[in-house]
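Next come two complexes built around chain A: one with chain B, the other with chain C.
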Partner chain A sequence: MAISIPASRPKLRQRLALRQIDGVTLLLLPALLVVVLLFVYPFAYGLLLSLRPKVGGFAANYIAFFTDPYLYNTIFATLNVSVPVTVLSLILALPIAFRVRLLKHQRLLTTILVIPITLGTVLVAEGLLNYLGPQGWFNRTLIWLGLIHSPIRLLHNYWGVFASLLITGFPFTFLMTLSYVSGVDPALERAAATLGANAGRRFWHIFLPLLVPGLAINFCLSFVQNFSVFPSAVLLGAPAGETRVIAIAAYQAAFEHYDYSMGSAIAIIMGVVQLLVVGLVLAVRNLFYRGSTTGAKG
Partner chain B sequence: MIRDTTIGAKLWSAAVWLLTGFFILNVAGLMATVVLSSLSTRWLQSWLPAGFTTKWYISAWNEFQLGNVLTVTFEIVFVVVLLSGLVGVPAAYALARRNFPGKKLVILLFLLPLLVPPMTIGIPLATVLYQVGLGGTFWGVVFANLVPSVPFVVVVMIPFIEQIDPKIEAAAHVFGANVFQLFRYVLVPMLLPGVLAALLLVLVRTIAMFELTFLTAGPTSQTLVVALYYSVFAAGVRAVQSIDAMAVIYTVTTLVWLLIALRFVNPTQIVGRAR
Partner chain C sequence: MTIASSRFDTLALQGVGRSFGPVNALHGVDLTIRRGEFVALLGPSGCGKSTTLNCIAGLLPITNGQILLDGKRIDTLPPEDRGFGMVFQNYALFPHMTVRQNIGFGLRMRGIAKDEAARRIEEAVRLVRLQGQEDKLPGQLSGGQQQRVSIARAVVIEPPLVLMDEPLSNLDAKLRLEMRAEIRRIHNALGATTIYVTHDQDEALSLADRIVVLRDGTIRQIGRPSELYEAPADIDVAEFMGFRNRIDGRSTKGENGLVRIEADGASISGKANGRIADGDAAVALFRAEDLTICPDDAGGIRATVDAVEYRGREFVGLARTKSGTVLSFTSETATEVGRDVTLSVDPGRVLVFPA
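Here is the complex of A and B:
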């Protein structure tokens, strides 16, 4: 500022108001306090706590985690179920969303699909225990159709967790995909169709490039949810075996062995792995087109 | 709108609908098994139960002390909804109306708790709550549930408040309304539909929130979904039908509120960058 009036410097209140900080802005403080106290502080505390192990140097928890196959294998067990479920959800969601976007009355379908999300993994797990069991309707139908001769084992193994994640995860992925797909300007598709592109080419050359950024975000959010699977891995999986996911390891360390330091360390590792995958996906996304999905001029 | 009429397109369309139908059929099947099982006298080795009874609801109500659990659940949910409304709506108002330095950082701070899965934040949060003596208590569960709820209200309300023209507030000022009158006669009536929708969504999400409540709840502060988890976890101790009856009670509790919420909001809003 070249002009200065040294005699009457504006009051603090006025200077703040110039930067749009006044009584209204202060309304933010309670919410900010909640987030800082209950979100930021616990994370920072957990990080510090994880560096103060019960025994050994500051990195002892992390060294213990990455040298014990029973612990570090949980990362692979988790990826092993969360990545396929996320990819499958996305692959299923895309064609269905393309079909549903043409519907006038989407409300009924979206309402049905929001139910499993709302009820959550615990109820789905409880239902699947019966439904997928050896005497459940799923196996009975397969036998009745003559596809199998004896019931196949779908519970307390990989497939139980897979099914439950798909049932809660697919609607989530689908509803997000639908909002992205509906966000693409229909004029673009009409233009392509006018120029003679068939459905396949319209998808590959018009929609997909526009959707990649949205789908990448969608993938990240779904993946992060699936990666932190806990209740269904315990109830439907083999929590000591092939579906011993990282959340189980963290829970056991903190609340069964009462080693909060180790529990925090595993929770931090869980967060870091999620961040790595999300970072990787977002980095790949940057190679694609980013911008408006509405028909822009020029 | 473009309609493809080739055989391939029709087959493709049929396949897509078949897939959707298959998915919905399975969801319906698993929910129907829970309901049927809760009403069955005995259900083994057959398509349908041997007979029907409602006694499991009474025994579930007594065995699992569902009266207490439901009371606690609604107390917790009510306090969470109230607090997240009281704290979240003013914050959303400030963020919608003011452009101050660091606003982007603040918004990021409100988005993060919605993106980080509950299990990741739950473990360090529960650790902190246990260290300060709130772990296992009513307020511990409430505080844990505020972590996603407050940011949720903020994030949902910002666009709602932004679309209300600030000139209306300015006009009220010009006509001499004081802060209270502005609040009472201008802001509340205009914000009410949005606040109602956001709080209903918080309500549904809090009833169904498993992880955070599970990690912070003690024996007297369990919500319905956590009690359900423990009873499924200890399956074999109680009759299967009894657990299923409890699952039905949980389902009904959740779905009633979901249906009320869906009268005011779009289904996609329940997930839309929210979970």
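Here is the complex of A and C:
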């Protein structure tokens, strides 16, 4: 019985494979194009724009930024709100995630938590304007409980921005933390218990070291979001004072002074600061164990 | 040898039950374990053997009964206060700790002084023959080595009781045999008391001093390996202990205290287990290795060979009787598939149970 092989040309994929090119990799091209058009190009354009200031040499914008306290202090104002909010939401998320991982009806809770994400920062800010205001429910409840005598000021200052960032960012932080916590093999906790470790020591010696890499990534993602705060800093904060964050400075440069070059420079500085913090956190992470979080060979 | 099992006399389970909602995973388990014993909990998956082990370890609270260690109730204690060493099916080694840190974890939790701990860790490493691997992470070890670490970690705390939950089921066949011998050696060397969960009857028979057969959350039989192998208490235990051949029929009285089962135009004699009256429905059970081909005129069971497997020293065949019962038999020579054969079994090797 003879099998006839058609003498046609081999397929494109096979011809590419013969030249050590994996045809499937070519499917990346459309995505790569989108990334170049939407990310690389604007970034490069912004960088070049920032190096062509209205007046002075190519670094004039950067020199102006770092010599004017009104400008360079925005970095600290932004860090001042974004770092505590990120740390606090991680600290809150961790114990809740530890409890929730044992729950059966996790889906209901996650649904409730996802809602603030879908609402968007502006709607949450509008809501908080009422809720945290002098006549809002929050102050009225505290007065009714006798904890305070006159309304405390929670709006148009640091705490308004703080609350808004925490509320909008927390679900995201929590869901990520939950997935990391659930990813630790439960057998490890049981093994530690049989070896004499109580709940606190199980957390300290087993869970925490295994969660550090995940928490570091979680910190970075939340921090980057919080660092670029803009709407809540304007709506709930004091955009001319203590919550004059770096995004406001960039906005004012570009759209109030019509100095796009300076605006771009501030945006680039903003990116560099974010990169520095992320790099620092990831460097610290590298000091810890990074690997599988299960107790057996996969 | 200074690592040794701490002293206790008996561990008693009294009417222990565990239910998950409406499901009774375990009920009415009574079992007493004495110091130095190697006890195997044997049964098919879902029989409650791992549940029993987890209840003893304190990882699962019990819903009925009590567990006593030398007369003191321990079922209300959390696992960290019971102090039993446990070896998990997937080893559960801490992936971020070296072999040394893994083994030393229990000692650290007990606040044992550094040099004392170092000495005991070294000894445990020697016991499981892992010298030179102390500074590796679990991920750098083979499955067998990981299993050794997990055993060393459990015994280094000198627990009164070592609990093992199917510790060999993730290893390949050769390593499983090696580790089986290792586990028995370590048990003997420490004078430990071990409770070993397995679904593999060979493992239980070769390792244990006593075997507890569980099924559907209750104990079916407790006995020495030879007792279980030769005199299983009921049909389920017998089938689990390798009585693969089963013939259903009606009983008649035979000679010398034997009963005869009439089925498929043949009659099989065997030892009666339980009360079987004349004409009762009964089941005869026997092993493949006891069923052999005999001359056609010897009056055995007529059957047609369906398949033959080569097993090295012998052949194991499957034959089908006229009524469709499949029997497995052994023979020293290869038998042709499709051939009609007559099979016979020594009545001393046949167990007859009431159906």
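The rule we apply is simple: the second predicted complex is superposed on the first by the 268 of 298 C-alpha atoms of A that agree within 3 Å, B and C clash if a C-alpha of one lies under 4 Å from a C-alpha of the other, contacts with A are read in each partner's own complex, and residues count from 1 in each chain.
One rule holds for everything that comes next: a contact is a pair of C-beta atoms (placed from the backbone, for glycine too) under 8 Å apart; a residue touches a chain by one contact, two chains touch by 3 or more.
As the structure is a prediction and not an experimental result, all values here were calculated from the model.
In the superposed model, A:12 lies in contact with neither chain B nor chain C. Using the contact criterion defined above for the overlaid structures, shared-chain residue A:209 touches chain C, although it does not reach chain B.
When the two complexes are overlaid on their common chain A, residue A:201 makes contact with chain C while staying clear of chain B. By the touch criterion defined above, A:123 lies against chain B but remains apart from chain C after alignment on the C-alpha atoms of chain A.
In the superposed pair of complexes, A:25 makes contact with chain B only, with no contact to chain C. Chain A has more of its residues touched by B than by the other of chain B and chain C.
Shared-chain residue A:38: touches chain B; no touch with chain C. Residue contacts after overlaying the shared chain place A:190 against chain B and chain C alike. Common to the chain B and chain C contact sets on chain A are residues 190, 193, 198.
Those residues of chain C that touch chain A in the complex are listed here as 57-59, 78-80, 82-86, 88, 90-96, 105-106, 109-110, 137-139, 141-143, 146, 153-154, 157, 163, 170.
Of all residues in chain B, those touching chain A in their complex are 1-2, 4, 9, 12-13, 16-17, 19-20, 23-24, 26-27, 29-31, 33-34, 37, 44-47, 86-88, 90-91, 93-95, 97-101, 106, 109-110, 112-113, 115-121, 123-128, 130-131, 143-144, 146-147, 150-151, 154, 204, 208-211, 214-215, 225, 228-229, 232-233, 235, 240, 243-244, 247, 250-251, 254-255, 258, 262, 266-268, 270-273, 275. Against chain B, the residues of chain A that register as touching in their complex are 19-22, 24-28, 30-32, 34-36, 38-43, 45-47, 49, 92, 95-96, 98-99, 102, 107, 109-131, 135-138, 140, 167, 170-172, 175-176, 178-179, 186, 189-190, 193, 198-199, 221, 224-225, 227-228, 230-231, 234-235, 247, 250-251, 254-255, 260, 263-264, 266-268, 270-271, 274.
Contacts from chain A toward chain C in the complex involve residues 185, 187-188, 190-198, 201, 205-206, 209-210, 288-289, 291-297.
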